[in-house]
Every structure is written in structure tokens, then in C-alpha cells.
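These notes concern the structure reproduced below.
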Amino acid sequence: MASILTVLFNGVAYGFLLFVMSVGLSVTLGMMNFVNLAQASFSMLGGYILVTAMQSHGLPFLVCLPIVFVLVGAVSVIVERLIFRHFYKTDDLTQVLLTIGLVFMSIAMATYFWGGSYQRFDMPSWIIGQKEIFGLTLETYRIFLVGFGAVMAVALIFGLERTQLGAMVRACVDNRRVAGACGLNTELIFAFTFAIGGGLAGLGGALSANLLGLDPNFPLRYLVYILIVVSVGGMGTITGTLIAALTLGIADVLGKYYFPQFGSFIIYLLTVAFMLWRPHGLLGRGA
Amino acid sequence: MSVMEPAPAAVSQSGHDYFATLARWKIWEILFWAALAGCYFVPEMDRMLMSRVIIWGLFAMSLDILLGYRGIPSLGHAVFFGTGAYVAGFCGKYGWSEPISALFFAMAVAAALGWLTGKLVQRVAGVGLLMVTLGLNLILFDFVLRSTDLTGGDDGLQGIVIAPVLNMFRFDIYGRTAFWYALVVSFILFIATRILVNSPFGLALIGARENPRRMITLGAPVEGDVSRAFMIAAAIAGAAGALLTQTTQTVAPPTLSFQRSADVLVILIIGGAGRLYGGFIGAIVFILLQDYLSSISPVYWYFWIGLLLVVIVSFFRKGLLPSLDALLQRFIKRKPDAPS
Amino acid sequence: MSGIILETRHMRMAFGGLVIFEGIDFALRRGERHAIIGPNGAGKTTFVNLVTGLLKPISGTIWLDGQDVTRQSPQQRVKSGLVRTFQINSLFKALNPLESVLLALLERDGRGRIAWQKVAAEKQQIDEAMALLARFGLAGDAYTLTDSLAYGKQRLLEIVLALALKPKVLLLDEPAAGLSTQQGHEVFSQLANLPGDTAILFIEHDMNLVFQYADIVSVFAAGSMVLQDSPENVRKSPRVREVYLGA
Amino acid sequence: MKTALSILTAATLATVSAQGALAQETVKIGVLQSYSGMTSLGGQQTDFAIKTFMQKYGETPGGFKLQLIRRDTTGPNPEVAKRLVGEVVTREKVQLLIGPDFTPNTLAAAPILTEAKVPSFVTGAATTGIVGEKSPYSTRTFFATPQLCKPLAPYAVKQGWTKIFVVVADFAPGHECEKFFVEALKEANGTLVGNLRTPLSNPEYSGYIQRIRDAKPDGVFIFMPLGELSIGIVRAINDSGLKASGLKIMGTGDITDEGYIDAVGEAAVGVITSGIYSTQHDSALNKEFVKSYTAVAGEKNRIGWSAVSAWDAMRLTYDALDAQKGQKFDGEKFAAFLRGHKIESPRGPITIDKSNGDIIQNVYIRRAERVNGVLQNIEIETFKDVSFK
């Protein structure tokens, strides 16, 4: 019994890990309708900023997280102003190609600045090891991940999806001219959304990189997972991304526990089945 | 026909001329293939590299049938390439070493898989389609990689023997046979595809790309056409895969990796979709540049490939071929042909 | 009479909780020129979508030429001679009118799956396409991209595409929408030239066109058919006035 | 008169320099490694090792001038590797090859190398039976899977860890390693209490960890030859508390590879691995090697097995070229010279097998520990002259 509950908890924690990794893309894709695969590179940047701040400057882990959010957010606004804004009106494939090109460039740049090998993270002692909760031995970092992810999800769903700001962003995306005429500063709103999306991606990178290992190929290695979570959840919904991340996370961990011989099949099969069943994702708005 | 007033003969004739002109071979097309064949005679030419370029061009052209003509993007096209490659590999391993018949067999198997895939996805569009094709790709890749006993897994299929083409031309290390074999097969399949896109079925594919709902109200079996398009594209992709196996006598999991699906999409978009030549142009640019960059800068060539992509989508929105075409049209200021 | 060609029996439709048709019985006779009028939201376009199979009714049946077609695909209904146009142009933007019409003709003649022969070999269909375009004054634009045609010409092409299929029943969803009065009359006078046994059902807001070209008029309002009568009687009916002005 | 003299002088000079040119025949060496993507560390280390070696021992062994031609195999991708081998052999006319890396690439290259009679060094492929059997001109300076996967089984049983759980990456090398380890475990009278094959792309291990926990083994044997997998599983076992509760973590040296042991971090401490080389190996040659390599590559780039394999390939090359001093380069003689050749390597003594060019070397059992704050693999036991079979 205890082992089933532990496995289940680990599945939830993995789900939240997938959520924090994908939510950045979910925001830009959902809010702005912009297929930004370079979010994976922003995640990597978040990881490297965490490494630099923690290892080279000796800052505490919790102080580093807001720094990562702000810095990566700032970088993504710069990239948005310089490059992305010229591509809002192009089709999905063009955006995919543009941003995958940027991913390639980011890999080479990371190799140049940080070297090709894996980075070393010395996590603070309070976050490593295990804790006893309700008779279960749970990993502290996973508990932290679940808590952090849950707070993030609630904040985003109530702060972005169901508020004036969310409505404004959608209005801008749906019709820039009308939104502009209504007195909304579309440029500012777009830049702001990008900053949030990028910052979240950076946070996701920082939270996952120390667990998964960080090297310049980080974006390519986890891009597929991010894509799967966001599209199964449905374009344009943070709630959907959360549900998809948790479902896939739990299914993956349970699958590996009960049917280890199937390996990655379970998560892929689930993806194909979901997408055939609901081509626009679980909570997608449809075309 | 009773209510039909007969059209003036001249008007009618112009219609025939229009379609005849569309399908006619242009000078530059002949030059293109002649130049490709001429590469063989250039001293110091890396013929293995050229046959690789041709094979990638053929592969990208097969995706063009789906993406350029039918408007279906696929993130799993390497499934068919890899299937063709592995079928050809199995043939060579288990004694069916005659390459041409094995090529046909590989095409047939890939076509069957393509038809099934088409059946599966014919009601799905957009992101759903991308993710389903991607998912299928990952599943097949995983299967091949893990099935060490069947496929050799990561090591690839061992013991592939390919007999000389027509019992005369052995596949040598200089790539002489490989070059001509790849070129001739690709050219024949190119001609077949060229006929296809200029046929009534080709027109129906373009119609469904432009407006599937209207095609339905014209009575066209739009969903069935998706399967048919997948089947044809898969057969040609399978042929490209088989060519790769036969010219290199190796086949390993990278032939059906997701990376390959992404690369072929990139190649097609670089060249320009819906032009039939986009795949070949894209392959020439992408593969040669990749080869060149990786030899001068083995560690950082990713950067330059990435930059190439960014530059191309920034300045040649629809790909090299259409952009250059538009430039040319403006330059010589003649009435543009209707694209089809 | 010569018999019913299209019929709906107790056809019921709803989107979620919103009931569109409570159960509609409708009949169209061979060769009839039948107009449907009614205020916005009366369910006219939904009716066409149901009959042509783009939507499926919740219950009830649809009969075409004595056959129950409720379960048939839109394509099968087209093959049986049920053809429609769209209220908002639904054309092939990157094709020219000649190619568009040829597409329709090739589908009609079952030649659309031929993949081993050039389009140029379909001489008979090309002749017919050019003739059709010439009849509607589009011959001069045969090679212009549809996207760059004037709106009026695109509207004509929308109808030509349907006519090319030689329908037994032609459903026109506001064919004159966006056209000038004169263009509207031109369209309808062309339609009047169709073979006598072709039944035409058209949704139209221009009452002049309705009263001039329809044999019979059905008035839809709020999901039901409130009146079906000759144009003269409909014109006089106080009910119709009520439907349009009242509520 | 003056003119005649100068002509004569010029002619003499020309003859001398022509002789010089003959003495200075250029030998082209193709270096085919992964320089990009997930496996780029191998290529980097190879380059550093070659550079270090040439700085130390000069660039003209046996009077031959060396010219390096580098190509990126991009990882285990036989189609690319085969084309590159064909290209450097037929167009660049290389006479020697260091690489290609990885088993599939080595297999794909073999027919070309055999046909062109080009000697090659296998510096990054471990599968058994791919050296002399496939190309008579190949020599392995890396290791063969059994050398790494067998010794830990008897070692573990000797320590009293008899119930072993085996976890391998689910691909051909993993399957091979699993086979050898399980065989050796049976021979040593140990018990296999469970085994798992985990996907190559796998960010999450907790489901697998729970299975290991359920089986209650004394030790777990791991084969994960990719950085992120090694980091992932060793950390996952550590984080789950299994290591703290006494489970012994063992594996091939991959899981504590110097290239990324820092990223594994504290979780690596105490992990027992089998390896062919550690920077901590106690010999004068190794100390010298570490010093000069670090001078070239910098502190940040730690020394892995690819570096040592490339270094030894260079040592063997120099020995063989010295033996051909004053003659024209002959590939067949080159390969023949290496058969049965014995050298002192930074890893210890190695012998190239007489019959097929494979490698015979010491295998060390090591424990990961912090030395002056840096994680190192400390050699604690030596299996001498382990065969490649």
C-alpha cells in the first residue's frame, strides 16, 4: 500500500515537473498564438543562470529563482522585440522553423559560454534527502516541486487565464487593430506576456535542470516532452496543460512501475490516443 | 449539354493550351537534371555526398506531396523513410540481394504503412495531426531501438549484402554506382510525381489543400484522398530510404528518428513547398552546407545551421525557390504563371 | 404533381441546449423554384447544412429522390444530385476559375482519382468548363487567380461551381448576397435557363428576386416553418409581416 | 662563371630539398569523432589528447609529417560515418584513421577500411567482435564490453553483496552488458533478484526505483552510457533514500565518468565502478599525462576514457611510424607492427592482441570519493590483463 502511494506521489511530482517545464510555452502559445519552440532554450538559460548564480556567486537557491525569472524574462523580451514580433502574422510552420533555428543557435552559444559538459549544482541541504509525511517517505525536492508547481498553477490560472489581463491579451491577439482602437497598448501587452512566458520557461529550466542534468543539448532533449504536454492539454489553456502534465506524469510513473517492459511506449501511446480522440487537446478551444 | 452554348473554339483552345503549358518541361528543369547528372564528371566531386543529396531531395519531394500539394504537415515522415530503409536492409540480409526488386518491395511496404497512417489521421488536422505523426514516429523509433534481436538495435542491421545493379554495377567505395543508381531511381520517381501533380488527382489534392469543405460539396472523397496522398508519399519516402540502405549497405535507427522527420521538413521549407523542386533545392543547400560547416567547424556548426534557418524564414518567407522565382518574375516583368 | 425530390420528416436539431428545429417537415418537388425566407436566426442556413449532410440531425429523416439519405455522407448526397452553394464564398483561392470549374467537372464525371494522366488530356471537361465560364461572362478571367477576382465575379464562380455538377436539386444560400440589383437579376435569369426538372431551393433576402423567380415560398421563423404558399399569398400574409417586424 | 655557379648551387639545393621532401612524407590521419550533439565530449577529449601528445612528442614521428583531417560523425549514425570514412579515404586519401567512434559507425566503416587497406584505431566502440573480425587493419585502444561488465560480479559477491539488481539502458550495448554481467554473476554464485531495461530518453526514474526497492537487493548494477542517464539514475537512487539505507550502487565507469561526475554530485560518493582509467591512477606516466593534458585543456575539461584511448592511439602510431623510418608509409606493415605490441599507457600496461588487434588491459575497481573537495574515482582493486572476450 505504502509503495503504491509513494509511486503515486512520485507521479504527481513528475507531473508538476512536466508542468513547470511546459507552462512557459503554454503561455506564449495559448495567449499569443505563437509557436515558440525557443522556450526550451529559455529553460536552458534559466538553468545556466541558476548554476552561475549559485556556484559562482554563492547565492542561496531561493534567492536565485526570482533572479532567474526576471533575467530570462528580460532576455525573452529582447528576443521578442528584435525577432519574434516580425513573425506574429506568419503561419505555424514558419514560426516552428524560426524558433528551432534559434534553438540550434542557442545550443552552440551555450557550448561556447559554458562548455559542452554537464553542470554541477550544489543544492542546499534542506532540499535534499527525504521527509516522513503520513507514514510515507517522500523526497524533499519532490515535495518542494509539488508545492511550487501548485502555487504557480493557481497563480497563473487565476492571474492570467481568468482576469482582465488575460482578456486583454486575447483581445490583442484576436484583433490587433480593434484592440489598439480600444486604447490597449498592444505592443506593451505582447512584450509583457512574452516576459512572463520566458520567465516561466526559465524557472522551469532552473527547477528541472538540477534534477535532469544540464548541458547544451538540454533544449533538444526535452522539447518533445514539452510539445506533448502542451498539445495534449490543448492550445491556449493553462488548466489543460496542468491536467495533461499530471495525467502523463502519473501514467508514466505508474507504467514504469507496473509494466517496466513497455518503457516509453505508454507515454507515446497515450499521446497518440489523446490526440486522435481530441485533436485540439483536452481543453483546447478548437480551430 | 443541351443548355450549354458552345464556347468559341478559340476560348476553348486556350484552355487546352493552358494545361498543356503547365505540364510542359521547362528549359530550366532540363538544365537542373543535366547539371545534377553532370556533377558526376566534376573532378574531386564527393559522389557519396551527392548521392546522399539526391536521396534527401527525393525524400523531401515525397513530403512535398503531402505538405505542398495536399497541405498536410507531418512530423513523422521518417517513419516511411525508415520503413523503406529497414525493409531493403532485411531483404539484403536474408538473401534477397537484387536491389531493384527489393526497392519495389520496400516501396510497397512503406505504401501500405502510409495508407494505414492516412486512415488513422484523415479526420485529424492541425496540431493534432502534427502530434499524432510525431507520436507514431517516436513509437516506431523506440521499437526499433529496443528490438536488438530483430533489428540489431543501436548497432543497426548487420550483414546486408546488395548485389550489383543489373548484375553489372557493384556498389564501390567511390560511390560511382551509388550516384547513378540514386540519380536514375530518383529521376524516374520524380517523373512519376510530376505526372501525378499535373493529373486530375493532383488538381483534386490542391483543391482539398485550398478548401476541403468545398471539395466535399463537390462530391470529392476528401478523406480517402488523404489516405491516398499518404500512401503515395510514403511509397516515395520508402524508396528514398531503400536507396540509402542500398547505396551505403547500412541501416540503423537514425534513419527513422524524429530528428530526420524534422530535418526533411526543414529541407522542404528551405527549398519551398508546393514546387516539386523545393525538396531537391533544399537538400542541395542544406546537406552541402551542413557538410561544409561541419568540416570547418565541427563543434559549432549547429550555430550556422540555426542561423541559416532564421535567415531563410526572415528573408525568403516561402522558401528559396518561390522567392527567387518572384524575384525573377519581377526582373523580367512578364505575366506570372498561375502557381499550381 | 411530378413528385417530391427532397423531403425532411420531423427533422430535429439542437446545438447543446439550444433547439434550432423542433421537428421540421419540408418537401421540395421536382423542377420547383422554391424560396426560403425568414429573419436572421430563423435556421435557414442550418437547414441547408442539415440537408446537405455537413451537420447531422438529432432525429428525423431526410429523403432524396425516394431514398433515405440521413446516414449518407455529404459526398454521397452530391453524387445523388444534391448540390449547394455557400452564403459566404467558399472558393479555391490559389486556383483560377478554369481550374476550379474543372475540379468540379472531374469530380462529377468520376475522373478526379486519375493520377497517371495529365489534366490536359481531359479535353471534353476542359471544353465544358470554358463553355460554362463563357456563359457566365467569366471566360476573360479564366486564368486570373480566384483570390484577385472582383467580388461579384467570385460570387458568380460560386454558383458556376455548383452548376457544373449538373444538380437535380440545387440549394443556393443567398446567391445574390453582396451583388448589385442588376447582377442579382442576371444570376437568377441564368438559373431560370436550367433544365426544367432541376429543383432549386434558395435562401434570399431580396424580396424582389424572391417574388419574381420563386414558384413557392416557405417562411422560416424561430426554428419552424410558419407558412408555405405562393409568392402572391406570402406577400399579402399578415403573418409574414409579423414574423419580420414583430416579436 | 658566376651564373654557372649559382645554377649549380640552385640545382644542389633543389636535390637536397627533394630528398628532404622524401624524408618528410606526409601521413594523413583522419580523426572521425562526435563533435556535436549529445556525444560531443568524446570528440573534444580526443582533440585535446592528440594536441597534448603532439606538443609533447613532436609532430614528425619516424620523419613523417602528420596532417590531421577532422570530421564530425554526429554520434552513432552509421550512414553518416560510412560516408565520411569513404570521403576521407577516397578524396582526402588518409592513410590512418582514429575512429570512427561508436559500434555502429565502426561496423559501417570496416568494409571500406578493409578494401582500402587503411589501418584504424577503435577509440570509442566497445562491442565484442568488431575489431579484427571486421577489418584486419583495426586496433582497439578503448575497451571491450566484457572487460567492464564482468569483473564487478565476482567483486560484489566477494564483498558479500550477493543479491544484485541489474539496470541497463534499453539498447544494444545495454543488452550486451547485461548478458555479460549476469553470466559472470552466475559463475560467482551471486543471485539476480531483478533486472530492468530503461529507455534511452528518460527523465523520470521513480517508478523503476520503487521496483528496485521492492526487490530488496544488496546492490544494484547499472549500465548507462550517456551523461544525462547516469546523472539521472544515480541521483534518483540517492534521492530516494535507497543509498542511505545501505544499497550498494555499482556500475561501469560510465556512471561516474570524470566528464560529468561533478554533475552527479554528492550522490556519486561511494559508488563502486569498474573502469579502465582513472586520473588518480598511481604511475609516473599518468601524473605526467594529467599535468600536460590539463595544461592544454584547462581545469574545467576533465580527462575521460576517450582522451586516454586517443592518447594510446597516438603512442601506437608513433611507435609504428618510428619502425618505418626512412621507408614509404605502408598501411599493412603498420597494422602488422601493432599486433602483439605492448605499451605503457597512463592507465597502466596494455597489450594489443596478436590474433585480432583487440586490447588486453588491467581493469580497476574504483570507489568515487572526494579528494581535496573534487570527486575522483579511487582505484581499490586491480584485475590484471583482462581479456576482451
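For reference, chains read A, B, C and D in written order, and residue numbers begin at 1 within each chain.
Just so it is clear, a residue touches a chain if its C-beta (ideal position, glycine included) is under 8 Å from a C-beta of that chain, and two chains touch if they have at least 3 such contacts.
Remember, predicted model here, so these are calculated numbers, not experimental data.
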| item | value |
| --- | --- |
| Common touching chains of chain D and chain B | A |
| Chain ID, smallest distance between chain and overall C-alpha centroids | B |
| Label of the chain whose CA centroid is most distant from the centroid of chain D | C |
| Two chains sharing the most C-beta contacts | B-C |
| Chain A-chain D separation of Cα centroids, rounded to whole Å | 37 |
| Distance between the centres, which are taken as Cα means, of chain C and chain B, whole angstrom | 40 |
| Separation of chain C from chain D, taking each centre as the mean of its C-alpha atoms, in whole Å | 75 |
| Interchain centroid distance [CA atoms averaged], chain A/chain C, Å | 49 |
| Multi-chain contact sites of chain B, meaning residues that touch two or more partners | 142, 146, 299, 301-302 |
| Per-residue multi-chain contacts in chain A, two or more chains | 111, 116, 224, 263-264 |
| Pairwise touch network: line, ring, star, complete, or other | other |
| Contacting chain pairs - touch in the sense defined above | A-B, A-D, B-C, B-D |
| Residues of chain D touching chain B in the complex | 35-36, 40, 43-44, 70-72, 74-80, 82-83, 86-87, 89-91, 103-104, 107-108, 111-112, 115-116, 127, 170-173, 175, 197, 199-200 |
| Residues on chain A engaged by chain B in the complex (per definition of touch) | 83, 86-87, 90, 92-94, 97-98, 100-109, 111-112, 116, 224, 227-228, 231-232, 235, 263-265, 268-269, 271-272, 275-276, 278-281, 284, 287 |
| In the complex, chain B residues that touch chain C | 1-8, 11-12, 14-16, 18-20, 22-23, 195-196, 198-204, 206-207, 210-211, 213-222, 228, 232, 338-340 |
| Residue ranges of chain D in contact with chain A within the complex | 37-38, 40-41, 44, 170, 196-199, 201-208, 210-211, 213-214, 227-228, 231-232, 235, 239-241, 244, 259-260, 262-263, 265-266, 300-302 |
| Chain A - residues contacting chain D, complex | 3, 6-7, 10-11, 13-14, 17, 111, 115-122, 128-130, 137, 139, 141, 208, 211-215, 217, 221-222, 224-225, 249, 252-257, 260-261, 263-264 |
